[in-house]
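Here chain A shows up in two complexes: once beside chain B, once beside chain C.
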Partner chain A sequence: MKSKPVILKVKRQDTPDSKPYWQTFETPRKPMANIISCLQEIQRAPVTADGKRVNPVVWDCNCLEEVCGSCTMLINGRVRQACTALVEKIESPVTLEPLSKFPVVRDLQVDRSRMFDNLKKVKAWIEIDGTHDIGEGPMMPDAIRAKRYVLSECMTCGCCLEACPQFKAGNDFLGAATFSQVRLFNLHPTGQAQKENRLDALMGRGGIADCGNAQVCVEVCPKSIPLTESIADIGRQTSLKLLKDFLSK
Partner chain B sequence: MSLSTRDRTHFLILKLHSLTGIFPIGAFLVLHLLVNSLRTVGVWQYQLSIDLINNLPFLIWVEILFIYIPLLIHSLVGFLIIFSSKINLKRYPYPRNWGYTLQRITGAVVFFFLIYHLGTTVGPKLINGKEHFEAAPFLIDIMNREFQTVTGCLLYLVGIVSATYHFCMGLWSFCVSWGIIVGPMAQRNAGIVFALFGLALTALGVATVTEFSLDPIPVEATVGGGAS
Partner chain C sequence: MIKRRRKVIIIGGGLTGLSAAMKLCELGAEVVLVAYQSLKRSHSVCAQGGINAAMNSRGEGDSPDNHFYDTIKGGDFLAEQPLVRDMCYQAPAIIHLLDRMGVPFNRTAEGHLAFRRFGGTLYSRTAFAGATTGQQLVYSLDEQVRRYEHDGLVEKLEWHEYLGAVLDSEGICRGAVIYDLRTNHVFCLPGDAVILATGGPSQVYAGSTASTVNTGAAATMSYLQGAKYANGEFIQIHPTAIPGQDKLRLMSESARGEGGRIWVPKIPGDPRTPTSIPEDERYYFLEERYPHFGNLVPRDVASREIYDIVYQQKLGLGGEPMVYLDLTHKSKEFLDDRLGGIIDTYTKFTGQDPRTTPMKIFPAVHYSMGGLWTDYETDAQGMIDTLSPRNQMTSIVGLYAGGEVDCQYHGANRLGANSLLSCIYTGLMMAPGIIQYTKNLGKAPEDVPTSLFDQAQTFWSNRLTSIRKMNGSVNPYQLHKELGNLMMENVLIVRDNGKLAQAVEKIDEIEEKFQSVQCVDSSDWANPTASFINQLYCMIHLSRIITQGALMRDEFRGAHYKPEFDLKQPADFDPHEYIDYLERSSYEEVPAEAFPPGHLDYMKRFEANNEKWLKTSIAKFKDNKPEITYAPVNTSIMTPRPRKYD
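Take a look at the complex of A and B:
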């Protein structure tokens, strides 16, 4: 007996400025199929359910093991990675939409550069470059290493921002991923040199005070990063800095 | 970086919003509900407390400085916060998102309730110049009449529940955003404690409304006499 095909309703958009429209596709139901493999089927035979030949659907993907974050999209209205969305485990028909808070490039492909610009704003790195060799870094206690490991799993996929009621396409909110990265680098013994600068960047427009504690970020994070703990911790670091600045500047 | 950059001002305004919600506004809410619940103990105890408050020196200045100005700042920034958010409860109906959404709704409800509340109590009191010992009979008379209608009682119940919810949810998010409670366990436990506190405050308010509506007792001015 032939099993029922997978029905995919895809929200499409031809150019960044054109109007989106919906198209329905049917792909054969194969064991262990995920949304990416279904999209690949469409790419092989770009024919809609009503038999119209169309341009293949465009999407982003890279690692196919949920560590790069590039295939993040709205699957049945919920933000997640397409590579780990197994067809057997999700409701059919499946709706696929691009992220709603990032500019669409084409179809399911979006421009997530805002996230990377935000990481630059907060200096989410450890400065080791200089004019001379600065030698070995200090030892890191294992408890700190363990804490940092979890935070370092962030793949800048954008789930936390897509689901955040404070993060909008038009505003300048930095968002949970950025706050958590500040915590990651402020925890590093060498990274601490830039701690004040990072906090300064968070104590402004779109910074930590703009967070409304809806805590949806932590619910949708595919890597289970304790984002709300990071937000509260950054809240503590900025509160202490605020007090320090008031008393010593 | 200096303290007064434009960016830092944005941050400080939001911090001020958060702080004024706890002190003095939240502190006043607790005091207000507590003092008014004296009505359930007895009408003369209640009148005594109103007499005490209305005989405080520089009362109007204390009210302006510790209630009206902070309330105005908190409301203004609050509405800016409401307009800066994009509610997505339908897509992500998690408990904390409910809390976040209700926090914004109750904030707006309390604002409009307070316009009504001030307009029917403090407003007439100031216009009619009912100061010192004259304030208690005047205000008690207003409240007695207000709680005789179902609409009046419902209006106050909605106002009280919205205010206690907004305050206790605000206490929790204040503690999170200022970094007083950090870990998930601490956040959960604090949430339970503040919810219980909120229930206690609500009970206080509901008891007062019930007492007023079931047993309206008019009073005479303690000193000077109401007839003069």
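Take a look at the complex of A and C:
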């Protein structure tokens, strides 16, 4: 018996300012299939369920193993990566929509440059003296490394921002991913040199004070990054800094 | 005179492109970084296991010379020795630099860097950050580049594609033709030099561990523009990947480095669950066949053995071409800490937990040892001349290449965890030479007649317009799959001249079909299909380089295995005999009795084969085909000798 095809309802949009519309596709059900392989089937046969020949669906992807963060979208209303969305584990018909908090480029493709700009705002880097051979890095207990490693797995996918009620298309809330990155760099012995600057960036508009503590971010993070822990920690760091700034005035 | 800032265009934001950008900024150049996607999402993030540097931190007696020896031997002597030596000597400094940049490398109890074992060596030489080392390295380099971007030294052009080089009448590269993947406009970027850090070509095969952008198109376009492409036939098949429709996901060699064991049930098609099969009914074939290196033999060896087990011995799991990779004897805590990343991947994609059930794995196309031919220069002592403009320059003047897209570091087979190293090494190492090159260059980009750029721009816009108008009956994505399957069937682990010759003809047929492609996307905004069709065209030419090279190379070397030309090393052979033999034969006729029976004959075969084939194959584009010639390899430091791992 032939197994039932996968039905995909895709929200499409031709250009950033055109109106979105929906199309339905059917793709063959194959072992180990994921949403990416279904979208690839559509590329190979770009015909809707009712037989209309259309442009293939456009989406972003690259690594296909959930480390690059590209293929983030809403699948059955839930924000996640399309590569790890295994067809046998999700309910068909499957709806696919682009992230709603970022400008749509085309179809499921969005522009997440805001996330990268935020990394610039908080100086998310270690200020090294240069690339020359000047010896070893700072000694560090493995426990600190382990703490940093977990935070460093953030792939800038945007799931946490999509889910966050404070993060909106028009505002300048920095969001959980950025807060967590500040924690990552402030934990590093050399990174601490810029700690105050980073905290400053979080104490203005769109900063940590705007976080409503809804804690939905942590639930959707595919890398299980302890975002609420980061938010609490950054909250403490900024409060301390406030106090310090006040006392030294 | 005011010093002019040099403008260098880097294509690719993986480890190579990012390291080059960082170093060039430090040297005062103005850098434009071009990539298909956000740099942070480059393919290098996939790398799991680690990066090699001989620091001897466990007192095992490791040294850069040992690292050099393992790399050269692992690559079956086809790598350029002076470069590999320099890379191995620079490796510890590279690790320290990365550590200073904040890479969360695993550490020892005392807080020093920790090292794990990898294939092809007996030392613990691989620094690692959990099982997502590539991701961590990309991030920290990306952060350094972001810092330069913040300071206005780097301009990023993400969502842009490199189409080709702008060459002047003397054939010198004066800039790059760029395609905006959103507006779909074509424009030229004038520059003093262009670096291709565009990664590997594994998408030429249907079953690979590669990211979707790894089509090798940029390298192939350079070949079509006249650059030499070297050692294309050396494609690494990784022994351990998990099946999937869209991609084969890698289970890093680090799984074996941390104690993972490969086995199959001794009874063919044994229906029992793996955990209920007793020890003495399991065949740990790598451990039995290679008591010395065991599960950590180099990849070419492991892949061939798995091939033998599943196809010749018919011992694959349930009759399928798969074997077990078993970690269940390790504690959960250990596995989570050291291999968490890949364990998650396996669990997410198969629904099974490798901590309690052995993983089912099989070989997948993984890496290209070959790539654009690049140059280098040594000084009187045979050391790399670090200021030479020739370092990493392709055969097109002013066009540079580094990372997986080059060809000099891994010979006929790459050792695990050496690629991340060669990417960062080449990115850093080529920078001073490039600055030197731009100083020697007479003209600044502004002095190059604008007509040159106008012509290139017009050529490429016309080409993309005509691609967009292609209106045949063939779906380009379907044709890509056909090409990929053809390569899987004919140019993989075990190679046969009959099949290779057929494959060459079938590639011609695919090229025929390419004429009837339809550009299935009619949009002129963010249309990925037009650019994909151009890449497909490149992949057809690239598959020809690989297949033709494989057909012509009548020997067995590293990843290129033709059973017909196996020199049949006697089981009791010791590679040192060959060194004795070479010495003795330099002054006398060596009598057969000087060595155990059969050995002298074998060594003579080996010597004659090297005489003929220990050469870099070089493809040049001519009459729509690769014309392949052979060039000598620099083996001045270590005498080539037979490989042995048992």
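Everything below uses one rule, namely that the second predicted complex is superposed on the first by the 240 of 249 C-alpha atoms of A that agree within 3 Å, B and C clash if a C-alpha of one lies under 4 Å from a C-alpha of the other, contacts with A are read in each partner's own complex, and residues count from 1 in each chain.
Keep this in mind: a residue touches a chain if its C-beta (ideal position, glycine included) is under 8 Å from a C-beta of that chain, and two chains touch if they have at least 3 such contacts.
The structure presented is a predicted model; accordingly, all values stated were derived computationally and were not measured.
Chain B and chain C, once both complexes are superposed via chain A, fit side by side.
Look at A:Thr84: by the touch rule set out above, it reaches chain C but stays clear of chain B. With both complexes placed on chain A, chain A has more residues touched by C than by the other of chain B and chain C. In the superposed model, A:Pro141 lies in contact with chain C only, and not with chain B. Contacts of A:Ala214 after superposition on the shared chain: chain B is touched, whereas chain C is not. By the touch criterion defined above, A:Ser152 lies against chain C but remains apart from chain B after alignment on the C-alpha atoms of chain A.
In the superposition on chain A, A:Phe185 makes contact with chain C only, while chain B stays out of contact range.
In the superposition on chain A, A:Leu96 makes contact with neither chain B nor chain C.
Note on the composite model: angle chain B-chain A-chain C, taken at the C-alpha centres, equals 160°, rounded to the nearest 10.
Between chain B and chain C in the chain A overlay, the least Cα distance found is 19 Å. Looking at chain A, you'll find no residue that touches chain B in one structure and chain C in the other. Listed in rising order, the residues of chain A touching chain B in the complex are 77-78, 163, 165-166, 168, 171, 200, 203-205, 207-216, 219-220, 226, 228-229, 231-240, 242, 245-246, 249.
Per the touch definition, chain B reaches chain A in the complex via residues 1-3, 5-8, 10-11, 14-15, 18, 81, 84-88, 91-92, 94, 96-97, 99-101, 103, 172-173, 176-184, 187.
On the side of chain A, the complex with chain C involves touching residues 14-15, 30-34, 36-37, 40, 43-46, 55-56, 58, 60-70, 83-84, 86, 89, 105-106, 109, 112-113, 116, 119-120, 123-128, 130-131, 133, 135-142, 145-146, 148-149, 152-153, 155-156, 185, 188, 190-191. Contact residues on chain C toward chain A in their complex (touch as defined above): 22-23, 26, 36-38, 40-43, 45-46, 93, 96-97, 99-102, 104-112, 114, 129-130, 132, 134-136, 139-140, 143-144, 146-147, 149-150, 158, 182, 211-213, 243-247, 249-250, 337, 341, 345, 348-351, 428, 475, 477-478, 481, 520-523, 525-526, 528-529.
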